[in-house]
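Chain naming follows the written order as A, B, C and D, and within any one chain the residues start at number 1.
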Amino acid sequence: MKSTKSKPRERENIVDILKKLKRGPQIITPKDSGVIIAETGLRSGMKCIDAGGGSGFMTIMLANIVAPEGKVYTYEVNPEFANIVKQNVKSCGLENIVTVKNKSAEEFREKNLDLITLDMKGSENVVSKAYDALKKGGFLCIYSPHVEQQKAAAENMIKAGFRHLKTIENIQREWQLGTHSHPHPSGVMHTGFITIGRKI
Amino acid sequence: MKSTKSKPRERENIVDILKKLKRGPQIITPKDSGVIIAETGLRSGMKCIDAGGGSGFMTIMLANIVAPEGKVYTYEVNPEFANIVKQNVKSCGLENIVTVKNKSAEEFREKNLDLITLDMKGSENVVSKAYDALKKGGFLCIYSPHVEQQKAAAENMIKAGFRHLKTIENIQREWQLGTHSHPHPSGVMHTGFITIGRKI
Amino acid sequence: MKSTKSKPRERENIVDILKKLKRGPQIITPKDSGVIIAETGLRSGMKCIDAGGGSGFMTIMLANIVAPEGKVYTYEVNPEFANIVKQNVKSCGLENIVTVKNKSAEEFREKNLDLITLDMKGSENVVSKAYDALKKGGFLCIYSPHVEQQKAAAENMIKAGFRHLKTIENIQREWQLGTHSHPHPSGVMHTGFITIGRKI
Amino acid sequence: MKSTKSKPRERENIVDILKKLKRGPQIITPKDSGVIIAETGLRSGMKCIDAGGGSGFMTIMLANIVAPEGKVYTYEVNPEFANIVKQNVKSCGLENIVTVKNKSAEEFREKNLDLITLDMKGSENVVSKAYDALKKGGFLCIYSPHVEQQKAAAENMIKAGFRHLKTIENIQREWQLGTHSHPHPSGVMHTGFITIGRKI
């Protein structure tokens, strides 16, 4: 019997659940997960791999979109983190959509994927394997806070055959509006760079 | 008989279609539509209204996510633009998901909505009506390029009962990575401000 | 007898002294004072008025440039702040260059000025007087953290006869360079807007 | 007989002259030259070296500040560019302040300098020599558009003995203020990175 939790109209909104979840220091933020979703055309029914990313926030964001027919395979090599992801996914009612594997991303065997997101050290080493696993038209998105990892990833993406590469960063400012409107004086200046490439 | 076009695995990726579509000067960009999707927890099955926004890119982005069971009602008062939206929606295979109405946003009658997005002059005047049309927990997102419209909208949102207001802007830079890594020297410095509020 | 402190080669570098000075919450930062200096062509021998700005950092920055022959007249209506400015100016060895007046900026009588900088509430009310006080080719720079004050100031500047208006903001990011190069994750997102206009 | 042009009150404002000068593609902008001036406490009477930078805009900005008693030695290895710098310096009436040398920056012999600015390929190779040429408390500022050159420069600066290193970038937005206030939609997203270090 399929859990009613996977019916989209009945699941609680993930934004309410995400607020309560345990979070590590490097959560992918809505400005970054959002641009990945919008740039790749992610939608219900798609099949994805997400690797790294600590607490599973990217996994949950992807699963929320691909549900109820799609699938996210999450690879997290650290057993403690893998457990946190599992709990967080369950809290969101997405346990039928997400399969968490406590393995290195280098071991994945899934094929015919629409999207692979990597937010982990050494993501540049999984690029070639990612290319094979994607269906034609599928996207690889690599996220990291540092220029050097993005360079290594982008270089390997070109070598592996990815095209239409685009590396972006989003600087988000929050505003206070009223009689004295101004951006908040301090805030997050940098989260990470995102490189998006496509198998064509 | 239901069109096969609405089956998500069979529709072409909207990012491929959007590139070919006719576009006006003020398309909402992936960095902005993405953050709306991520901040509101939009997902398959949800019901939305989108008003304004010229060529229908926001409508298509929302419809792509809420398909195949959800719904987007698009209000566009200009008959020529309404026609462009219809054509663009059809090009994306989303005509079963989107209903385009060549009416002012002030005339909508839909209820129990998950999300309303407004990208139009005078959006501050629709705020109270939007509040009534949303279900509990639903979001209103107002997008405009100018500080003054955002102020008027945010003020009316507070008055109408919206809470957890957040006004943001995303400054996106594209990078060139290689032996001489640098952000692109020139580009888009500003698209618009987004105010998100919630009916709680 | 003229103090040897005003000889430029003998004064200590202000950047060393500024670090030790008492500072209020709204110091004008080097990115903002620097752009004012560069945009106005400020140099040794020029005559300026600085009004507002709490601890005198802008005054000191201007005085440092216009010394040894130039002059800065600083208006600070709050007696406590005026005293802090005096002490800070003296600490920098610039007491022969700067005259601190514990008066409202609306009372200044100086004429034939090269530059007037205003960083105070109500600066829009001093604009017309500033126009008269500037020599031909002189600049007025208004700094404030809020959009509304800048609008009021800019509008009055146009009315008063100022031309070539330019309103800017500088978003400065500090970088960590090394094997993992990245902008600092958090920092100052906003200090203020600067409107520069010219008497032509 | 000393040229009257070097008397500060009699020189035309450089901002008026700079507008008319021939400029190459990579002019250092006021937001960048300004922050260098403000961060280093540059003032009348100081002695500087400027190397690279094509058309001499940085040289002129420095000379404008250090005049009438200070000095700028400009090194430009390209004879054509060196000639343009000479002409531009003369147009600004700063020919008594600036000495343009058509030589590589690696050949400079000046000592006891307050500031050295480098905006050229291979600036990382001049860092150690720059350290020796600066007086105690003097600053080295390296400007380049690319992350990699800044990394090489910063690394060599640490090795050479420079301290208090700070690498910054300024993102400047110009605003349109009025009834519809907004940042200009497009503009310069990136000019360069600035690394400032000090001989202590």
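Going forward, a contact is a pair of C-beta atoms (placed from the backbone, for glycine too) under 8 Å apart; a residue touches a chain by one contact, two chains touch by 3 or more.
This one's a predicted model, so the numbers in the text were calculated from it and none came from an experiment.
Q: Centre to centre, by mean C-alpha position, how many angstrom separate subunit B and subunit C?
A: 43
Q: Taking the mean of the C-alpha atoms as each chain's centre, how many Å separate subunit B from subunit D?
A: Result: the chain centres lie 46 Å from each other.
Q: Hey, how far is the Cα centre of subunit C from the one of subunit D, in Å?
A: So the centroids are 22 Å from each other.
Q: Which positions in subunit D touch two or more other chains at once?
A: As it turns out, subunit D has residues touching two or more other chains at 147, 171, 173, 181, 183.
Q: Just say which it is for the chain contacts: an open line, a closed ring, a star, complete, or other.
A: The chain contacts form a single closed ring, each chain touching exactly two others.
Q: Which chains touch, pair by pair?
A: Listed in label order, the chain pairs in contact are A-B, A-C, B-D, C-D.
Q: Any idea which subunit C residues touch subunit A in the complex?
A: 145-149, 171, 173, 179-191
Q: Under the stated contact criterion, what part of subunit D meets subunit C in this complex?
A: 7-9, 11, 13-16, 30-31, 33-46, 61, 64-65, 67-70, 137, 147, 150-151, 154-155, 166-178, 181, 183, 193, 195
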